[in-house]
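Chain lettering (A, B, C and D) follows the sequence in which the chains are written, and residue indices restart at 1 in each chain.
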């Protein structure tokens, strides 16, 4: 699984929802060995050295035969804004595939739950695609997707997944689409009373969602993998910048870190010292005009 | 003549010769008061702060009624390369009109010589346009343009000037177009033996051309104005960075400087201490690939 | 976080008091990047700014360095202007009156090669009206001490400040250099010697060369780095300075936007100076002022003084109850 | 100017000798930005580089600082990794053997909180084969002296170097910090204490904050600035260092392209280290090496040693005969 750097051509760019864009990239060296849950580092500057660093994005969809991948990005700052404005036909510098992807189920009879908060749908979609084409081919009803956002305008369309037979539950904080409440409310509503737990749960979303979900699954002892985030500079394990506080099983009090780009981004939430996690700084969008 | 900052829209971009591009800008606040020989500061970065500084470009053509101006630029480094790649429809940050323009002749019977070396044609064209429309309307034969470059591929087309009746003499160092030799050779060939000197001479070109021309006119005592260059940061007289060694008439040995963006760029060469001028650093184009 | 804040509709109060110096708002322009102010009157109303620090003035006119005086660097620029200026006499005659007429709050940046030159300048400038404060540029070389900059030695810095202090009752700002092992040490020396206010930073000593011609890009070889590149350095210097002294501090270095200015204010600067940004965007200082106002409205900040120095350095663990409580790990150096 | 040069067709000789350290070419990677080297073996052939300086190693493993450890700044980045490393034992067991197998020239960056820790590390590392040199990171805080960095005081720097020198015969590089009033002074102290080579610079002390949350962007508050933003500062430091000492110097700071590397070489660095650029472009070091080779061919430089240190600081007045000859004006400070 060698990692490579290549100039990927942007074939398409689409606005999928409020502040959310989908780029189709031609990256024939990276895509063939890529797996769901892995990510790429994308340089956002097209000229000069500002912004300097590349930004991490999960594979949203993989089209291996064509050497194509899609990334879904949410505009949160200068880098994502620049990427969202890139014209099809231009190229971006991409390094990948990086990190540890999802561990896929091995049997078709497993009930698999996906919990996506907002842009968290990005990596989960690649895994859904994969399972629909492999283990769960012919058994889409065993794939349950919970997808929530703040408001209807921030949801991307999932018609094709529904058509494929995936059980999809949409929720919004303001009730403007699907059930009112958080994505976790929807998950709990369905499963809290259930005698049968899902076999596996894959999740990606905001930090509060991660923590609440970690708490929920811990009490129920469900097998779970989450795609986590951290500030990154290199994405390849060189800078040690992407540390997350980690549990040391031998010494629970010890100061330990794992590195999201190498040990993750897909991780078992039990390995994280959630009590030591500081949230990433989020700036209101008004900051761009100041 | 207030100076303003405005976002100018790039309406057209054309390659005019090897490494030479012409941009048509819509700058309705700047153009109305602009005069030939003046310049604008154009920010080259479209994102981030690298490259940081704006770059100075002379007005190549002014279309006052339409609020349009043209700049002619030669790719010599990162900034000019970025500008040459800008797509029509995008905008650039422009400050102008700046500096002291040419002093136009007042009478139609003056014989006026223009000496343009390479990209030096840029500001002279604006003055030619102006004289053709004002003092020399009906007397284009009193306007003599000497235009030289290293090679034919670097010359921009001047058909319309010739059609308008301007006396045009083209020269190239390698003889691939027009007379073989420097533009100064062509000037001297015509005027050295002449009993009648031109009334005025306007020039713009490389530093060696400037010095040799300064030497030539000094011995002949021709009224002359040259558009000169210097590294600039602000273009508005604030940083004092664009100094050129100047002659202090009261004390020839004194260390004096004038500032190209305020005292120039159009200057009488007699005001310059040519013996103290250091050439601007020129990098081979290969540097961009290293 | 401003989440709980309620946006204000009334104009925020942007007035700041820096010891004896009272300003309508915290946005000033930095010396050497705003000419004598007049160069910018086409672009903005000079009276709207908190103040204008004019190009450094010496007793006698100075021609400055031979060109090239400028070079561009990644997100920054180098200058070696060589303190070119018209001298105090012409400044007072030609520059000050029109600048006053435009209603600008004028701060004069002063420089000299000896302690006496600084003192004499201060005394000349104290005799005229229309000057709000003096800013002492101690990055100049002390010609009597082998050219070592006044600002790199606490004793020399204190000497200059004390000599100026003795000759003027104008509010006194001392402008610190970042090119030192401990800016806190120089800050304390300047403060103790009578400086009412400190400003930091001046440019960072730096250079650039051309690999082809093998020549330095500046005739002076070494120059001063300014612009966005140095902002993180300047911010750290301000952070160290505000913790070292009790007097107000003005933040300078790489400020291009209101967000940049706010970084300095939250760290503890009572005002900021906008430098290189003026060269790139002549209206930058006004944009920054307007951005600060917008920020205050958005964040529900009624007075900018409620914001200044409110940096929150405590670690935040919103899920601290998530497992056994342990001590926060000790901070380690870089 | 290379105008008179005739392009070479044969491969230029890029070998450099830095005192006892002989390298196939002058392009190394900088500590902390190239992991333990192995992280990059997918991207390039490690044996092609002049050398690899691995992440700073301490006697015992160190967990590093709590996150956030990174922040982006204009043309640069801040880090406060906190010297996280696996410790010398695991380094020798897990990292060194595969790295040697790849044919890399390995330089080990060492760090400690006391003089004794440095000395002991040197002695442990001297006992194994496959290490080409040691690089002493003196930017660490001296825990016995109140946390002041070893590298900011000439006496402390000399102590560390002398202690290490006494325990190893490996070529010794001392890595200098730019956060000092006079880098020349520290350079001389390190050289006199037995360092064969000096490298500069380490990161510049800096910080960044978020105006909305009012919090520092790094949990450690202050971090180290690296990347293109600091290149002009690094170049000035190298310029001052090569003039202060007679030993070879390695240039580090903001090198992204061959042009950047050449700036350091022409100023007098015998080799360069590529840092932050590796994080952005994993193949950056190789690109730079290839660019230097291309440059030499283009400029007709047969051996890179003919280029190193050939900075031409004389003023060039090609038209000096153009009028009365006068003295070139004196250089004035910025």
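One rule holds in what follows: a residue touches a chain if its C-beta (ideal position, glycine included) is under 8 Å from a C-beta of that chain, and two chains touch if they have at least 3 such contacts.
Note that the structure is predicted; figures quoted are calculated from it, not measured.
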item	value
For subunit D, the least number of touch steps when starting out from subunit B	1
Between subunit D and subunit A, distance of the C-alpha-averaged centres to the nearest whole Å	37
CA centroid of subunit C to CA centroid of subunit D, Å	31
Separation of mean Cα positions, subunit B and subunit A [Å, integer]	55
Two or more partner chains touched - positions in subunit C	2, 63-66, 74-76, 79, 81, 211-213, 215, 219, 227-228, 259, 262, 295, 315-316, 328-329
Residue numbers of subunit B (touch at least two other chains)	48-51, 255, 276, 278, 284, 287
Category of the chain touch graph - line, ring, star, complete, other	complete
Residue ranges of subunit B touching subunit D (in the complex, touch as defined)	48-50, 207-208, 211, 214-215, 252-253, 255, 273-279, 284, 286-287, 289-290
Subunit A-facing residues of subunit D, complex	32-35, 39-40, 42-43, 55, 63-72, 74-77, 79, 81, 84, 210-213, 215, 217, 219, 227-228, 256, 276, 278-283
For the subunit B and subunit C complex, residues of the former touching the latter	2-5, 43, 48-54, 93, 95, 230-234, 236-245, 254-257, 276, 278, 280-281, 283-284, 287
Sites on subunit B touched by subunit A in the complex	45-51, 78, 82
Residues of subunit C touching subunit A in the complex	2, 74-75, 228, 257-259, 262, 291-292, 294-295, 298, 315-326, 328-329
